[in-house]
Amino acid sequence: MKDIILGVKDLSVNYKNKNVLAGVDLEIEKGKIYSIIGPNGCGKTTLIRAMSKSLKPKKGKVLLNGDDIFEMKSKEIAKKMAILNQNNTTMSDVTVKKLVQYGRYAHRDWWKGLNKEDDDITEWAMEKTFVANLKNRRIDTLSGGERQRAWLAMSIAQKPEILLLDEPTTYLDICHQLEILELVSKLNKEEGITIVMVLHDINHAVRYSDEVIVIYDKNIYAKGDSWSILKSQVIEEVFNVQTETIIDKESNKPIFYAKRVI
Amino acid sequence: MQEDILLRDRKGFKIGVIILLIIFLFIAFLVGNIKGTLKVEPKRIFEVIMTDDGSPERMVIWNIRLPRMILAALVGTNLALSGAILQGVMKNPLADPSIIGISSGAGLFGIVVLVVFPQYIGLVPIAAFIGAMFAAFLIYILSWKGGIQTTRIILAGVAVSALFGAGISGILVFYSDRVHGALTFMNGSLSSRSWPEVWTILPYTIAGFILVNVFAEKLNILVLGDDVARGVGLNVEATRLGFTALAAFLAASAVSVVGLLGFVGLIVPHSIRLIMGNDYKYMFPATALLGSVLLMFSDTFARTFLSPTEIPVGIVMAVVGAPFFLFLLRRE
Amino acid sequence: MKHYRIILFPLILIMMMSIVTGCTKTTGVGGLSNTKSVEKAGDNELAISVEGTSYPLTVKDFLKLETVIEKKPENAAVLSGTPLNIWYDLGGKSICTSDVSNNVKLIPEYEDEIKSLPSIGPVYSIDMESVISHQPDLIIAQVGTQSTQAKKFRDMGFDVITTHIRGYDDVISTYRAFGKILENEKLAESKIDELERKKEEIVAKLPNEKKSVVILYITSKTIAVKLDNSIAGDVANILKLDNIASDLPADTIGSETTPLDIEYIVEKDPDYVLVTSMIGSNELAKKLIEEEFANNPAWKGVTAIQKGRVAHLPQEYFLYNAGPYYDEAIEYMAEIIYPEIYKGVTQ
């Protein structure tokens, strides 16, 4: 019996009067890591924004543990679901510690201050993401990788059951990219947090996920583990490149090398 | 190795700045009561405030200088807080109630009541509030493009300000014999203001000050970004609306008593930000204090510099504010 | 979506504000005040009157406020030009006054004395502290420009009289009132008789024909037309001239001007066009109005302008009430209209 934490039912989303997604159905199982990939403009960011209530769909529902998120208050959702956005530019000059503390907002009554539990969780979140030594630094003075980890710390301070990430690696150097992905993987294994992330690198998706979801032509084109992606020649059809597959012995997962344009 | 907290971010430092500002507040208050055409000894000030001995000093202090200083403090607080809120809620450092037309909206609606329904003069502050909210509403609509575009906010604001400003000028010209005091209104002035104006604005200042500080944390989260704020659990729309309403409320009440006074909402929050950063929990009280201090000193200067003529304090603020505004523009 | 919550917050704010507004006593918006809502003496009432034959006297002024003066003032502060003139003419002194324009015709006898009085600022923006520092026992302020300050002085406990000296009758009633206050009624009555006599003299020489006039009013902002309740209108009325603007509505209640309508003037075709001004100097006013007539073709339809029957009314008689010299103002206009009959005043 599958334990579905997030369900997308018949979702259609428009963006600037253009129909971007039509009739998407998706079930996210608890405890797994999912990656959403697809060519630019295919709607993967749109999908994850709809799943996090940042966008209102034209039709369809998003159910968090069975409840329609568009009927719920943001605070209720935030206790269970967190989101890490792609581009976090802000006027704010908060310190890392203060930023992570904001992650506790949903769990507090706003007129009350932080209690011991909140402080402990804040510390825990910063330790987990290796930003504890930066706690008094202002976020606008951090490097790209450090900043992304700080935002991640804030998200996990929410103690979510499910974490959505919208292209968390896009603006980072290679080493920081791996850093984040390793971190996310660790969080999944150690804390049991369900992960859904939009990635632009196929190989990252394949290596770090249990299942890969390919978005193409306004809907889910393929969904499955890395081997089923390999079998269905999905990459050639969706990305228009001919690939050669190599097996990574360490993780026992395929690596796709793009050879030529079709 | 843990890095040390910057001085600016230390809680102790912020509190220290606030205490310093409170001291300045008292100094500004004293200076305002000492300076003027009639010479009054500092000692006498407290004597005549406490007892009514019928002396000219009592008359001047109690009826002219004291209420004026209090009014300057209240108006300074309102306008500075309004600016601080707008800069956060509209995500633009150039937002201030006079630049983006919220003050003009308040002024226009207030004047319409004054001219067309003078028997309902008590409703002026409410009309001003509605005008301010209407202006804010227009600004949001004009700058909406799939979300609030911060660069468009200022453009929209300038347009709204021009629109309402034209409306005000039109009424003042058309009804020029019916309304008295147009020049000082357009620039903002505390001339001849006394206790009635103090009682008019006081409840708004108190309510506004309390509310902004109670909800400060929400604004802190809002400025992190709409998506982030929503993700963390904040009701973004309600927070934005609530704070906009507060900003309108504060600006409208100020306009109702002193006219269109600009630049306070721009200079003060930025100065505080430069000193102690963006945390609204400390920024709001500090901004309120600095706004009061600034306006008190400016008004004393405006009142005494060219004695016996009074300069409208709005002109003093413009002289100080315009270069500051240009300096800000260059930094962006 | 709980939409009602969004409306709730501003609604609470508005409710709070309604409760609060009950306690407010302001009369304006940021300093703007509506002049219409202030009580004033009507056209048929005296601008100022004094009850009683000797002190204490009760003064009823233009704003219909009654002030009881216990004894003759030793330190009066008369804050504007025309009442100042009349006050000094009846032997009174002032301890300070506002800046007096050079276009006000002061009584030569007291001119130097008046000009050396300490200034309390321009007439439209007096420094209240300055007035208080002279410790006056009576303040005589001008309605309109000094109304707000007058009210504040009154609230502080000073004896305040607000004057409004527009036309001939106002001059007379002010003389009478000041005469009582200064315990110089005999002198006041003689001055009044003198003014009356001179006026009758002028009026007696009026021919039977009735001439019509339009009185233009040029300021730095605009050109308007004066009604009967202006100084020029009052003088025209005394001279039995027909002011073609008599029936036009004032631009606001209590105002003495009506907006300019050139077509109306063309239609009524007055015999004379008289021009008053509130602008830097008489010369400047003359220049500006000539430019206006030359540049704006609409004026070509007005015969008086084409025939050169245009005259400028100087500010010392027609912008500022000439007070003691009101008869000269009457004579001035008489000479313009009927030069054959009246001679001598215009220079």
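The chains carry the letters A, B and C, assigned in the order they are written, with residues numbered from 1 in each.
As a working rule, a residue touches a chain if its C-beta (ideal position, glycine included) is under 8 Å from a C-beta of that chain, and two chains touch if they have at least 3 such contacts.
As the structure is a computational prediction, the values presented were derived from the model and not from experiment.
Q: What chains touch chain A and also chain B?
A: Both chain A and chain B are touched by no common chain, going by the contact rule given at the top.
Q: Quick check on this structure: which chain has its C-alpha centroid closest to the centroid of all protein C-alpha atoms?
A: B
Q: Taking each chain's centre as the mean position of its Cα atoms, how many Å separate chain A from chain B?
A: 43
Q: Using mean CA coordinates as chain centres, what's the chain A-chain C distance in Å?
A: For chain A versus chain C, the centre distance works out to 78 Å.
Q: Calculate how many whole Å lie between the centre of chain B and the centre of chain C, each centre taken as the average of the chain's C-alpha atoms.
A: Result: the chain centres lie 38 Å from each other.
Q: Of all residues in chain A, which are in touch with two or more distinct other chains?
A: none
Q: Spell out the part of chain A that touches chain B in their complex, as residue ranges.
A: Its residues touching chain B are 16, 49, 52-54, 73-79, 82-83, 85, 88-95, 98-99, 102-103, 105-106, 110-111, 132-138, 151, 154-155, 158.
Q: Quick check: in the complex, which residue numbers of chain B touch chain A?
A: These residues of chain B touch chain A: 1-6, 9, 88, 91, 93, 146, 214-215, 217-218, 220-221, 223-225, 227-228, 230-236, 277-279.
Q: Write out the stretch or stretches of chain B touching chain C in their complex.
A: Contacts found on chain B: 36-38, 54, 56, 59-60, 63-64, 107, 110-111, 113-115, 118-119, 121-126, 128-130, 133, 172-173, 175-182, 184-185, 188-189, 191-194, 196-197, 199-200, 203-204, 207, 237-238, 241-242, 245-246, 249, 255-260, 307-310.
Q: Which of the residues in chain C come into contact with chain B in the complex?
A: It comes out as residues 5-6, 9-10, 13-14, 16-18, 20-37, 119-122, 125-130, 132-133, 135, 144, 147-149, 152, 155-157, 221, 250-255, 257.
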